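First chain A sits with chain B, and in the next complex the same chain sits with chain C.
Presenting the complex of A and B:
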């Protein structure tokens, strides 16, 4: 999409690595003094390189941690583990003046332009903010720089003295872009920059971003959930699910022949005919909701919802519907075992007082209606159903032991899909299984 | 940058054309100030001299502090000799009747009329300042400022269309002018009428002997007491010594209006000091807690809950008694200590009220944006958070000021707080309470009504500001200002 950089400040060729993320983890703890729940694993071990001058699209469902990744890069969140190397410096270790120096090289554009501009400041003050913070040259030069920036993003000089209230959403986003560009950064993080805008305005802001990239030789990390926008602007695309990177590769390759089951279901979910989804893809409806990021699955993060999940060897013959029902049953048990840890609910359970929910028996009856199971499977299921009311944790363990497959047990390693450097994480990439596309 | 140049030329062109209006406006301000420059100088030099003199080490003669005190006292004497428009010497009302005409009053008019003229002049002068400021603001907004609209304009316009708020502002204006010009407004002075009444002599027309005679003010006071139905000097009347009493006299024969005017200054100073200190504490803690959240926020909640749990009234009684002998307990007749106690027990209420808005604004994305380009926390708090809570500080500050005035009066009513003989409104109510059901009802009624009016005024002003800064807020559900303290 973007052409080679012309006269970028860095003077480097396009293609060298700008920054290299290794096993990055960003966890949110709830900050309580004692005990507390396990941390939210917003970013849970991501490795990624971003090349100078490219546009890397980052997609995923909301809550998958893509914004957290961007915020960690710019220093708004501190990384729990892992490294982000830029020119040999690990920026997760930076603080104070080192961090402020890095923050001059990176800019961030936020999703909601109504929220990201202080509406008690004039536009001039807003854009001048970064310049003033870093004591950029002299006040007079700063003012001139603000006028240059206004011009660059397509605003007029008289807007200098206006307030954010007096602008439309698209204009406000232009102001946000001007602010991010103020310190002449080489790298912009665009956190869903157009998703709060009208479709007609979206196109214009995207054109502006492309034009700026060409003029200034910028590198973009473009975070979005809108796949058509990503397909339009990104050189490479990274697909995130539950804090993990599922697939990374050149945009066209990923969109034309997705290698990962999650990418396939994501692309198939785009409605309409004139979509970027590959034609041969049938619509895949994912079961359930993403797991709680405090308690991610032990194996593949996508295992609880994956349509191509590998069945355990002894149950090869069991129908897909039966496996769907078993997965749903496991969801119920997981939910219950996590919920019923309070003292009062345990007491109720011991005394045989039923909580608010329905009985497990009724749920099982509904889930497995019209489903044939092998006698052994049926036996395990009955056992678990019986135990579930009193001890859902044990019931879950029983079911897991019987029906866990390799996907539940092992975390998939990265697999080099093709010669373009495309990588995907799925157990099915192993030689002994059918590849994800064939299921 | 041709664009920038054209804008600058526009600004320069504007100002050179408008120079005459601007300099005229400025000249009016200077003239207004010069009319009262002597009084302002006297006030500030006196304030500094008093403050330095009260420090514990200032006693030793020959010490540096003592010489500083002397320096400022001599400066005060000098500035006192500078003539001012609104002094008692220019429009005197303390004359006597010599059988044919008034002697020593303004243009030979009666003391009542002379006094009324002086009061009128004071308010005219103050209103002129207001008009000057309003014109200056309008002119700036219309002609000088480059921005044609700012969010603050909307707030000011909303306030100006808020009738209840304007009523409050008017009451507060009258009260503040009364406090500022207290020495000028009274028909007599605190020194002559109360503190040293036996050191001053006045002349009066004795009806029986038909001659002008002399009498000590203290003795004259004894004969003009308001005690019940038989002996009383009612509002807007003269006593036997030709002295005019706009609000009548007190049970000890002193002039009630002079007492109230001087008392208003005490109330305002303590109120402003306590509200200022508590606002400073509340704002800094609210900003820091809202920015850092988590444990810092929890810590401030714990501290404020601890402070709230302290019984304010007991603390006031305890500390005023304990500190009454120390040097700090005597600053401003004990008012300084009172203000500090009010501040350190009262900031929690204001902090509670602005914590919500502060937390709200700390969640806005522009805070993240500022952090993303490396702006320092203190700058973020000042530039991106403070402007959003300063309106609430005004609202609650105004309402707390009303509460402080009630609290100070309540304490003096109980015989605590401001040490006699320094005038305080609550003491007037206390002194008059035995005569409420007699002919001398005015002693308690007038200060009581004034307290109610002034506190209502401050609350109304707070309401008006709240509706101006936060038009969505429901005036019913929003936390009401804090009423009486003690």
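Presenting the complex of A and C:
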């Protein structure tokens, strides 16, 4: 059933499309003209549609690019490549009044209600802010609008004259929502809107957002790292990792039978019995941390941590423990070669001074304790261990060459994984490999 | 009333508690008001046990942690109560003799580390103060500790600075520093709140692992019910400075007795079907700015009757065998009966 699609979002019964993102890339460069570091690939080729009236949940760990994606949609960051089509217009091309018109159609709600409100303005002034900036109607109409908004978000008239510090976290988030709604947008980007709130307060804000969506026919992009919240509020969910979209589909499907190894790992990590993860999903504790988005892996973005990584063809018989140990060793080498770019370590390398403390040999000894490798694999490992102390980069290249998985080489295409048009990026969806759930 | 009798580790241990807190009151004096941040709480921690303290922001859970460590500063003070650790009553006798035996890790590892010293330096400092280790021996031990907390390539990383560590790695380093004191009790104040869920899973695994290896007792403080369910042997629920319910973890989640615990559990999004509204608790956690005169949860409680607003509810034992207790006049009754009384 898994056939590659070229990023097309097909087979859904949702409403008409509000915006269509194609191969969007947002890179951050550090500004230096020559010799600077490679750019941070915060968003690295994402294709996605958002339908009118739906709530699209966007999940992923910190630094995966989910906030940058949101900010690019509003025009707060400029896209490096790709398009965002709204009613036939590419909004990445907009500037000046065209951009302001688009921005009027979007409201943004941020995570921290303590920091996103100006403490010297009354609540009335805070909510009136966007109205005044966009010169909305007359001052009298604006005031009337502010009172309507206060009522809509469950605040009272007398709150108009108070200051933000007089409000609790939940109330401040209501103020933030009122301000975002001021210009009657059709689309709200909610960036971790309930993460800073206590669970009892969080529940009320979520209920308010659901109620407002129904009343006003709003479309939501709901960015969050809390998967229980997403499970509750989102119609569809998009899972991001290292600037890439790993899986996107109807919330229920994604949570009940996650197709992508990353989604599976993420869901399995949620503690407690109220977890939205399926019962039969066993805890997968991932090794290490996501790679640096300046130096993403050449193949699959998740390859360095993936529990379902495909073994190299000539090592299919290798035990899982041995393969894990090799992957852990690569982590160490990657880490070393990344950090040994400083002057002093380069100098040491030139002069052939070995590092102090226990050598790579000790680490290898620990990692490969009780693990038998074939003579050829052992030989490569020994070579790499020998080289690692002085030149971790060379050692890494040696290991990479020998234990080269298809996941290291090829960037996975999107595969449609069920009849709802759910898509997942994983090489295991190809017919010749066991699917991610079976590993 | 028949209840399952869950196996409580305490029944079989028979040890003396490692830490025993009795009627602890920590008060903060400001120009405007006096805040009873911790208002008469009592609980025990036995050796090798993980006790959870769960509550919303402003409930007094962090002040409890700081009180146990003797870290309450002006304008706050421990006004009353006992904190007995081993044979020392800390409030009276002071913390000096027990420094290092109780360690704490905080939410934000980057605040706990000094940016201008290497990780190794900071561990060696702790080793020097608490265990008298210096020089090569201290360095060797520092590397061992980093390895023990799962930092790969420890011999190399011991010479790095905090900014070179990711959030999860930095929290591991903080745990390594706290282990350098060779503590018997580790107080964890929201140790995984600033971390991503996959990294949180790594740190929780690590804490469980260390606890088994070192026979550590842990006081685990968090607002996250899922985390507490997975880590704690028993849970104390704190509300506006008071412990409102205490029970073995499994029982607290399956048979909560206090209406606040029930409400807290219900508001977790995972427990409600997606197409239904989330149950909510009206109002906000009150600031305990006066002595307790009634049930502090009464204004928000769906079950409250006049009696709740007139007197402080006793903490009643629901089940002695497992030390399950709750501070509610309805505690120990089945929910069906409560409905009839209303």
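Please note the rule applied: the second predicted complex is superposed on the first by the 416 of 439 C-alpha atoms of A that agree within 3 Å, B and C clash if a C-alpha of one lies under 4 Å from a C-alpha of the other, contacts with A are read in each partner's own complex, and residues count from 1 in each chain.
Operating definition for what follows: a contact is a pair of C-beta atoms (placed from the backbone, for glycine too) under 8 Å apart; a residue touches a chain by one contact, two chains touch by 3 or more.
For clarity, every value in this text was computed on a predicted model and none was experimentally measured.
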Overlaying on chain A: chain B and chain C, fit or clash?
fit
May I ask you to decide whether A:283 touches chain B, chain C, both, or neither, giving the answer as first, second, both or neither?
second
Going by the contact rule set out at the top, does A:118 touch chain B (first), chain C (second), both, or neither?
first
Let me test your reading of the model: by the given contact rule, A:17 touches which partner, first (chain B), second (chain C), both or neither?
neither
Could you say whether A:420 touches chain B, chain C, both of them, or neither, answering first, second, both or neither?
neither
Looking at A:148, would you say it contacts chain B, chain C, both, or neither? Reply first, second, both or neither.
first
After the superposition on A, what does A:374 contact: first (chain B), second (chain C), both or neither?
neither
One more residue to check, A:319. First (chain B), second (chain C), both or neither?
neither
To make sure I follow: the centres are taken over C-alpha atoms, the vertex is chain A, the ends are chain B and chain C. What is that angle to the nearest 10 degrees?
80
Just checking: does A:78 make contact with chain B only, chain C only, both, or neither of them? Give me first, second, both or neither.
neither
Overlay on chain A, chain C to chain B nearest C-alpha distance, Å
13
Touching residues on chain A, where the partner in the complex is chain C
61-62, 168-170, 198-204, 206-207, 210, 225-229, 231-233, 251-252, 265-266, 269-276, 283, 285-286, 288-289, 328, 331-332, 335-336, 339, 355-358, 362-363
Over in the complex, which chain A residues touch chain B? Could you list them?
31, 33, 71, 74-76, 99-100, 103-104, 107-108, 110-112, 115-122, 129-130, 133-134, 143-144, 147-148, 151, 157-158, 160-163, 165-166, 176, 179-180, 182-183
Seen from chain C, its contact residues with chain A in the complex are 56-57, 143, 152-153, 155-156, 158, 160, 164, 166-169, 196-202, 204-205, 223-231, 253, 263-265, 267-272, 274, 277-281, 284-285
Contact set on chain B toward chain A in their complex
1, 3-4, 6-7, 146-151, 293-295, 298, 364-366, 368-376, 379, 383-384, 387-388
